[in-house]
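In the two complexes below, chain A is the common chain; its partner is chain B in one and chain C in the other.
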Partner chain A sequence: MNTAIRYFPAFPRISWKPYLLPLALISVFILISAAPEAFAPYRPNKLFDPYMELSAEHILGTDDMGRDLFSLLVYAARNSMLIGFASGALAVSIGVAIGLVSGWYRGLLDDVLMGATDVVLIIPKIPLAIILAAYLKPGPWILILVLGLLSWEGVARVIRSRVLQVRSAEFILSAQCLGFSRWYIMTREVLPVIFPLIVPKFVLMTAGAMLSESSLSFLGLTDTTMLSWGTMISESFTYSGFIRGMWNWWLPPALCIILSILAVTSIAFIHERGRRVVIQS
Partner chain B sequence: MKTTLLRVDDLCVTFPGAGEPVPAVRNVSFALAEGERIALVGESGCGKSVIAQAVMRLLPPETAISGSVRLNGIDIFAQSETAMEKIRGVQMGMVFQSPERALNPVYRIGKQLTDPLVIHGICDRTEAKKRVRDVLGSLGFTDPEWMMKAYPWMCSGGMCQRVLFAAVLLLHPQLVIADEPTKGLDADRLGELEEMLCAVSERDGAGLLLITHDLGLAARTADRVIVMYSGLILESGPSDVVLKNPGHPYTRGLVGSLPENGFTPIPGMSPALTDLPSGCVFHPRCPHALERCRTEMPDLCMDEEHPARCRI
Partner chain C sequence: MAFVGEDVVLTPELLDHLNTRLGLDKPLHEQFSMFLQSILNGDFGYSYRRHDTVAALILERLPWTLSLAVTSTIIGYASAVVFGSYAGWHAERRASRGLTVAALCISCIPAFLLGLILYAVFVYQLRWFPFKGLYTAAPDLLDVMWHMALPVFALSLLIFARNLLIMRGSVLTEKNQLYPQFAASLGTPQSKILYGHVMKNAILPIITHIAMSFGSILSGALFVEIIFSLNGMGLLMYKALTALDYPVLSGLLLILGIMVVLANIAADVLYGIVDPRVWRTDK
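Showing the complex of A and B:
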């Protein structure tokens, strides 16, 4: 590749600098959710005196049951991140698969799949998630399934339209003439070309899922024993954290939600902007 | 007489248009023997490329196709898509117009050339790389190693063209279809292209179906020429006879419009496929048209040596 760069100085090289801050933030959050024991001073269910002020032992004080709020915050990261990334990955996988098949085969299959997509598109997500959460036993995996299965339609539509565009390209025709199978062409010829579209979609889906999780948890519609930043805010609201002016209860999880979502979305935005610059130059 | 490689019988292709169906190809029949080179010539929109896509069976599913295409006796239209995937590439290969766009921009050229060999189970990756290197060397690349590591957008049109030929040559198909290979190519690359086209049939004994509107290229490379107009074959025969002594006024017009023959354009425009004239399709533009040309369409007898769809 060195020769190539020497012969072609205009070889587009990706600058990693703008990604550093959001990536560092996300890495910290992922690290914390992977090993909360290493960061939290206490176990999340260890009880102290309730409503304690900030102190050296309890840097964020304690809640109504006397749990250390900083430890809760650290342990809550896991579920928030897991739900975000897992349902983002689920939504993108379904969306890419459906968009790819729909755009490639066209015809009747396309009509059926796009009809299904339109149906999913008109389903109001949060209300349905509320109903499902009320009927099913709430837990992180149910939430991942509900959020993932309800938010793939945007991805499917975008991927389908791009596949329709790419499939009529000459190199796809050429690949067909070389006798490549449909599966091979879809996965190895079309997918890499549309990949730059998938990355920001995945990231935005993840951020959306994190936000939905917080909203649902705040409304008390998820498993109340499931630790997440949304449930922390919800509990602070229910158990007089707001009335007592305990900003140390609700503000840190709110900041964590904002920071993680900002970090994740800014990756998508930087990625998109980077591509535009490459295309323009 | 050599064995027949490709036989196209009474091929009709109709596209569903916005209002009425568009007959793109009508009653086309011809045969291509092993090692033979046939050129399909005609203006844009006369159905040349549609024939190529019908032979490759790449037309969209909503297209109405009748007639038959037989390659080595196999009925192409009766094959399943999975069976076609095994026939395409190995038994028939295609070289496309605009070579820069016929290679996937995200893969290195080496990968794009080795993959077909591996996918069709012809050899393993190490052997495939060796063969690719040899073929690239034989096509005149001084540094095949560099070429294999390059991406298509690093290469010029001529380089991409040679890479496409390499892809087709590596699989040794018996039938090679070249769809307007001269499009977007510099004039000084033409000689090289002609050499490659001839090499395909001479070295491997493959049949070549050359689709072009370049009469000079057709005369220099092809054994036989088929002249098409509005989806119909108007004339066919040995290339030197057809182009020196045309049997149809349209061919005469085409030859006359060449710069070396006076640059005289054929008056008028080719008709829309949805609004074809009655009788002979060419009569509105024909300088010799008679009254009966307006009503009857002459038949074409493909068994003759040099048939033409004209009564005059």
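Showing the complex of A and C:
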């Protein structure tokens, strides 16, 4: 690791202040999804009168079945966050593994893996996910699997090209001369160098998965019992919430979707901006 | 067996007949080669719900979706290139910071949500645009333009926002090369350096990106069609989803895949024309 830093200088100190707002937003969302009982006034399946206006008891009113919309909003956070982060993590781990192996071993294995990457790259992702979801009617876990397995290709390509650069560096040669195993070199010498590339990719994959999840739930393709912000908008769209002008039904989940994706994406954006300043100086 | 009809009794003979006709009695790999053969013959299957061939259903709607996607792509990319160059060149100005932040916010909105918000404001509240459909009675140009204005705006806004960020980053990188500084030392005006020299180089990642993101542009078009009830491939897909019309769904995916592959080939050719260095690398 120390040798790695000498050859590939670490990032200069970047101010943590711009990260504060997005991180605070994300932690609020995570806190809510970890313990929705503490924030929601009612259970999500408790029924009241349908189509109630906003009031002190029901901050956002009720939906067509008489469920309290604020409680639904709070309980929906869990699936939206879980699916985003879990499929982002899945996509990044697959991408890093494939990029690492492909860039390190090169040759035939590289050709095969990069061919597979190109195929995944060119398939229109959302339509394929829609069709898979139409067959499977997935709950959260299958959705994580589908979204994760469809979006690793960008990571794999970036990691591979970086590994190709790194593997010809002298500190790798010296590690090989010292007799370290390939596994040790790949995990202890190469991985720390490419790690700064992984973090923003993970963040972007997470945002992308949240976006896809909301789109799929909007089409009503997920398990009907699965609560998420996308399904709330979908229900409002199909069960006349929209026609009745009930903005209190669809606007809060819409804002939650946009805010959560924006918070996650802006972390990657701020990170990148920090690096660009380095290049300029 | 929905296309037997609801009041027709399904006898074992009929079932056998259907199994043979659809090739369901053959092993899976033979079924797959039958599927491939029929696709090469232009036969994408038969929709049980709509009682029409999938190819006819899709072909009827393809031009609408394609015109929505292509118009928005052109508007979105053209404005992203111009404004993105500005935002990258004058990165410290307040206007370009505002542009960047706005683009970042818009790029985080899913296509269906942006369509829904625009629909709620401009159609539902202000009533500036028609409620649904591609045309009122017959497709004449002005009427279609009026119906398509808001969907095209929604889609091109998304494309604009996503590509403005890419273009901005690309110009920021080019700005630090030596040639803009050299041009500046010769006394070339700033705007000529930007739009005459830097933009040409900075546009290359954008061209690659057009092909890569054509799939996501198309799926954005599908969602926009669903929101604005435009009778294109998106609405066809939405109705097929609710009716579980699988042949239509797989036909749609196949057509979308073919379109994306064609877009990639076109972009490769375009890239070679725009950047002559591509042809020379192998020699």
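One rule holds in what follows: the second predicted complex is superposed on the first by the 263 of 281 C-alpha atoms of A that agree within 3 Å, B and C clash if a C-alpha of one lies under 4 Å from a C-alpha of the other, contacts with A are read in each partner's own complex, and residues count from 1 in each chain.
In this section, contacts are C-beta pairs under 8 Å (C-beta built on N, C-alpha and C of every residue); 3 or more make two chains touch, one makes a residue touch a chain.
Predicted, not measured: the structure shown is a model, and the values here were computed from it.
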| item | value |
| --- | --- |
| Contacts of A:Ser214 with chain B and chain C, given as first, second, both or neither | second |
| Touched partner set for A:Glu272, first chain B, second chain C, both or neither | second |
| Partner, of chain C and chain B, that touches more residues belonging to chain A | C |
| Touching partner for A:Trp250 - first (chain B), second (chain C), both, neither | second |
| Chain B versus chain C as contact partner of A:Val193, first or second or both or neither | first |
| Chain B versus chain C as contact partner of A:Lys46, first or second or both or neither | neither |
| Complex contact set, residues of chain B against chain A | 56, 58, 60-62, 81-82, 85-90, 92-94, 96-98, 101-107, 115-116, 119-120, 146, 149-151, 154, 164, 167, 171 |
| Of all residues in chain C, those that touch chain A in their complex | 104-105, 107-113, 116-117, 120, 124, 165, 169, 172-173, 176, 212, 215-216, 218-219, 222-223, 226, 237-238, 241-242, 244, 246, 249-250, 252-253, 256-257, 260-261, 264 |
| In the complex, chain A residues that touch chain B | 1, 3-4, 7-8, 106-107, 169-171, 173-182, 184, 189, 192-193 |
| For the chain A and chain C complex, residues of the former touching the latter | 121-128, 130-131, 134-135, 207, 211, 214-215, 218-221, 233, 237, 242, 245, 247, 250, 254, 257-258, 261-262, 265-266, 269, 272, 276, 279-280 |
